[in-house]
Amino acid sequence: MISFKNDYSEIGHPNILALLQKYSHTQFNGYGLDVLSDSVKTTLKQWIQEDVDIHFLAGGTITNKVFISHVLRPYEAVISADTGHIYVHETGAIESTGHQIILIPNQDGKLTVQSIEETIQSYGDEHRVIPKLVYISNATETGTFYSKTELQHLYHYCQSKGLFLFIDGARLGVALAASGLSLHDMCVYSDAFYIGGTKNGAMLGEALVIKHGDLKRYVRHSIKQSGGLLAKGFLAAIQFEGLFQDDLFLSLGKHANTMAAQLSKGLLDLGIKPLYEVSTNQIFITLNTTTVESLLKNYTFEIWHNLGETQTIRLVTSWFTQPAMIEHLLNDLKKIL
Amino acid sequence: MISFKNDYSEIGHPNILALLQKYSHTQFNGYGLDVLSDSVKTTLKQWIQEDVDIHFLAGGTITNKVFISHVLRPYEAVISADTGHIYVHETGAIESTGHQIILIPNQDGKLTVQSIEETIQSYGDEHRVIPKLVYISNATETGTFYSKTELQHLYHYCQSKGLFLFIDGARLGVALAASGLSLHDMCVYSDAFYIGGTKNGAMLGEALVIKHGDLKRYVRHSIKQSGGLLAKGFLAAIQFEGLFQDDLFLSLGKHANTMAAQLSKGLLDLGIKPLYEVSTNQIFITLNTTTVESLLKNYTFEIWHNLGETQTIRLVTSWFTQPAMIEHLLNDLKKIL
Amino acid sequence: MISFKNDYSEIGHPNILALLQKYSHTQFNGYGLDVLSDSVKTTLKQWIQEDVDIHFLAGGTITNKVFISHVLRPYEAVISADTGHIYVHETGAIESTGHQIILIPNQDGKLTVQSIEETIQSYGDEHRVIPKLVYISNATETGTFYSKTELQHLYHYCQSKGLFLFIDGARLGVALAASGLSLHDMCVYSDAFYIGGTKNGAMLGEALVIKHGDLKRYVRHSIKQSGGLLAKGFLAAIQFEGLFQDDLFLSLGKHANTMAAQLSKGLLDLGIKPLYEVSTNQIFITLNTTTVESLLKNYTFEIWHNLGETQTIRLVTSWFTQPAMIEHLLNDLKKIL
Amino acid sequence: MISFKNDYSEIGHPNILALLQKYSHTQFNGYGLDVLSDSVKTTLKQWIQEDVDIHFLAGGTITNKVFISHVLRPYEAVISADTGHIYVHETGAIESTGHQIILIPNQDGKLTVQSIEETIQSYGDEHRVIPKLVYISNATETGTFYSKTELQHLYHYCQSKGLFLFIDGARLGVALAASGLSLHDMCVYSDAFYIGGTKNGAMLGEALVIKHGDLKRYVRHSIKQSGGLLAKGFLAAIQFEGLFQDDLFLSLGKHANTMAAQLSKGLLDLGIKPLYEVSTNQIFITLNTTTVESLLKNYTFEIWHNLGETQTIRLVTSWFTQPAMIEHLLNDLKKIL
């Protein structure tokens, strides 16, 4: 079986496993208060080039949940595209902390200034929540990414309206690789964002980066209350030490995108056109159900929509994907069709 | 520096690191829905010998938070000793899910049937919460453990009153080693408990074990909502594969206890009497502040209470503690005194 | 100034004020545990003709909040039209109790079986909330009402899917008057609903009616926890004693509808067509901003949408509205136009 | 039957009923945004003589719940005596908003600077909640009251520690009458407090008074989200118009205290000594169960503790209590004994 199910199907990149061996006889302080965590944060700050606070958490949902609930007062709400991970695939995690998500129809998986403006102008009195934070994903849930101009417009709009802008970077690696933007850019055009490790080669771990000074205090309290403060915080730090040696983080993102482009090209050659333009590492295609069933004998992938006679499936590439895997899949698909 | 700060200062046991290497080229399904997770759960069930559901989570606080909030209706409350980790050291995690903790004065870190009975008999009408779940820690926060008789009494009492009994097993390894009880016993005398990996050799991970049929449904929804569903669930499963080969879990607990007994004996020889009887791997002693300051040059440990001229400190042993470390500490202490 | 702002601009119907005088020297038990509350509930049950539990609460938002949060487990969600009061005008009250609202585009302010079915079929796994309760308003927020057939379809669909159906009856009086349905009908085709007093002549008070046996237990605990258990519960009971003597409740609803019909006809005669068909006591019209400003000198009403040169306003009639008030308004409007 | 069950057994004071008649043909704006609410707030501010915000709510529990949850960030906690209404008799209302209550053993129903200081000095790191608000009741749940000196000490301590001080004034009328303090004093020595109407002659209503500037913003949003924003806010305002004409509020408090003193004296004459010194309108006494049963034939009161052969009961006097009622009770008690 070859997996195109997601970008977190393997333990982690060999460099990271090597670091675990290297540190296997070292004693660290708990809860991220160790010298290695400090040192890795210093490294990240050199990439980011802004005065930020950094916290390592285990996964994306808890990072979104902790940060959004930390920022908002009880009567404040977060704005999200209707495709946003926090609304669609986190089992009400944000609402479980007491906050409404104000939904806006997505445009290619993204939010625009105009769509936000049209929505929030009707808010204001005490019978409605107060929009306070804009949540976007980069790369988005449909595989698109934000350009520098798009981020600039969103950020400046948010600043003009007293809104915070937060970027869910669960798939930031492929977004940076596709857009040519840097961690510094992410930081300049947001109040906070996170660097996704889990989906880009780490065993676990997301690095929450907070720039806005008002949002920095007591974050460790919020993390602990959520249950997200890792006893062995150094374990998460080791991941990012590995990912940011020799720019491995970006290399892995580029590799995943290259594999997706190769797969996408092969699919087009077979006459299969992806539903969304393939910019990063996710490809959505619709196949006959019998074709899908044949593929499932040798490959794993997500069935996104079951439409009866046809099915939309999602194919994901990653740092682990090899060209041979893609050739295999394309060849098998060719035989089936 | 030698650490007696806690039992989670190192990456993890060598056997577990070896397993990571073994599986480093394997692809798994996400979210714990992989064949390895299934297989490790089967192994654990053979130890437990009851019909249970098992879920792997990253740490103790999120396990407590997920399970307790999963069980309780909004107007129901959890009963805990006033030393209970959920009240003292989880930053209000339980209350953050909307539930009151009914506090009962501890007796050697433990709850008794009598203390619970005295408290809850005044509850009942709609102006008070409904006591519904009893939370105990084994080993306790003061290093004591529950005997079979104590657990039996508590469990039968809970059953007679319609209360659920939940055991926080963050330090279950040392408790089993000290009490001679088994995972099967834990399961027989509770409705649910968890097997703590993080403090007994694992890189991360607690195994939540649910016996009571009413509490099993939709637990994965609660875990996901909490942000606690690990994308790479197989990573937690690997920990428990390692811990339950050749009964490593119990061996590590025994080792920690042996080291604590050795340290405790050495302290008594120096005229230093621990505050609580040393049964497991935590030792609380009170020293002059100048002595504490001298020790801090070469050792790390928690200062539990700062009393001015004297300080109560906590020394923790673990699977990693070596006799030589204890000798070092005792010798240095001898020199200082 | 004459108010068309809402249907709760006056203290209450004279019959109710007379009852207050009548009972002014009586002592009652607190928290609704008094003989008068019992007796009024018996009266209501005679109207409803089903085996129900009844609770009196102060207002609509707290009734929605208490009941919905009482019914749902943490990972369960409520389905609502995107015009639903719980999403639009309750400041995130439902989300503040931890639950997601699954939004569905409204059709004339209403939900249909088809719209629900299309939405929930994509739900199921642990990454999404579980749809569990359908919330509808009758009369709706746009002034429409549900026919018997519509309610039947919704209720049977909900039963077939394991969903609860809850009717927000803040404006139930005008809905019953318009539809010809009875309290018994409301009860037969829902699991719970409430009878709105505040907007139909009462000083305050909604009567929450729960039919489904699984939802009846511990409701008083949920009410108390919400802060909604009135110390002087008998005060709310008195309101419903007044409203259900000689079918006053229905008479007042009919009167409000008659006044709205009269106003609507007058507006049409002036060439002003309401945005939605006028079925109950709410009329939405769009006027030039200068016209609106002129009217505001002698009348109060809500400005629903400020569109710059024009404004959509809402005119509400009630038990208190007199034909002369409507003549006044129409005459003034005629002069202005 | 004569009721000594509580101080909210009757509809309300005749002056208030008269005001309802007076305004019965007036139209008001909703949600407390009416001219009468404004005017009554101005009156209250003249009594308080400080720059405050005032909000009218229906009852005590929702006032506590709204204010405390409005003030606290998720990781912050409220400090309360273990007899505090918010812990004992509000069904976990505070915890339901996500906050821990830090419990301190009461001294005569009260908190002292020393007891707070001893508790909070162990707080600080991210594993514990942050104490942020001190909650006291005046009069207390055991019928005692705070002197000016006690309030001064508490308030200055709170200021020095960055804690807010909030006074639950559900029974403020009898506390002011007993202590000789004024509303101005309450305001000077706290950051916020509320004036209890329900237990001192009003039909319903508490007036929340907020002095500290940081706590004033968005309170109406919090009230609406809680479900506590009364549609007919003017109804609550009318209560306070009545209570603050000719200082009726204080007169009613004095009357209740006088009745309690008379009853207490009579009990002492019969050899029955109250458990706590009788300062305000609550008397706790212990009687033989047979005596209690005899009394229950003609009187209603709360049984506070059922001790088997004896029972502790609570007798409450109020604005409605007449000397003849007390004579009746004492005579009957004399006959029984």
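Order of writing sets the chain letters: A, B, C and D. Residues in each chain are counted from 1.
The rule we apply is simple: a contact is a pair of C-beta atoms (placed from the backbone, for glycine too) under 8 Å apart; a residue touches a chain by one contact, two chains touch by 3 or more.
Predicted model only: the values in this text are computed from it and were never measured.
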Pair exhibiting more inter-chain C-beta contacts, A-B or A-C: A-B
Chain D against chain C, contact positions shared by both copies (same if over half, else different): same
Inter-centroid spacing, chain C versus chain A (mean Cα positions, whole Å): 42
Interchain centroid distance [CA atoms averaged], chain A/chain B, Å: 32
Set of chain D residues in contact with two or more other chains: 74-75, 90-92, 96-98, 126-127, 129, 221, 224-225, 229
Chain A-touching residues of chain B, taken from the complex the two chains share: 1-3, 5-6, 8-12, 14, 17, 20-21, 23-30, 58-66, 90-93, 96-97, 198-199, 203-204, 221, 224-232, 234-235, 238, 300, 320
Complex contact set, residues of chain C against chain B: 31, 69-70, 73-75, 97-98, 126-127, 129-130, 218, 220-225, 229
For the chain B and chain D complex, residues of the former touching the latter: 74-75, 77, 87-92, 95-101, 103, 122, 126-129, 305
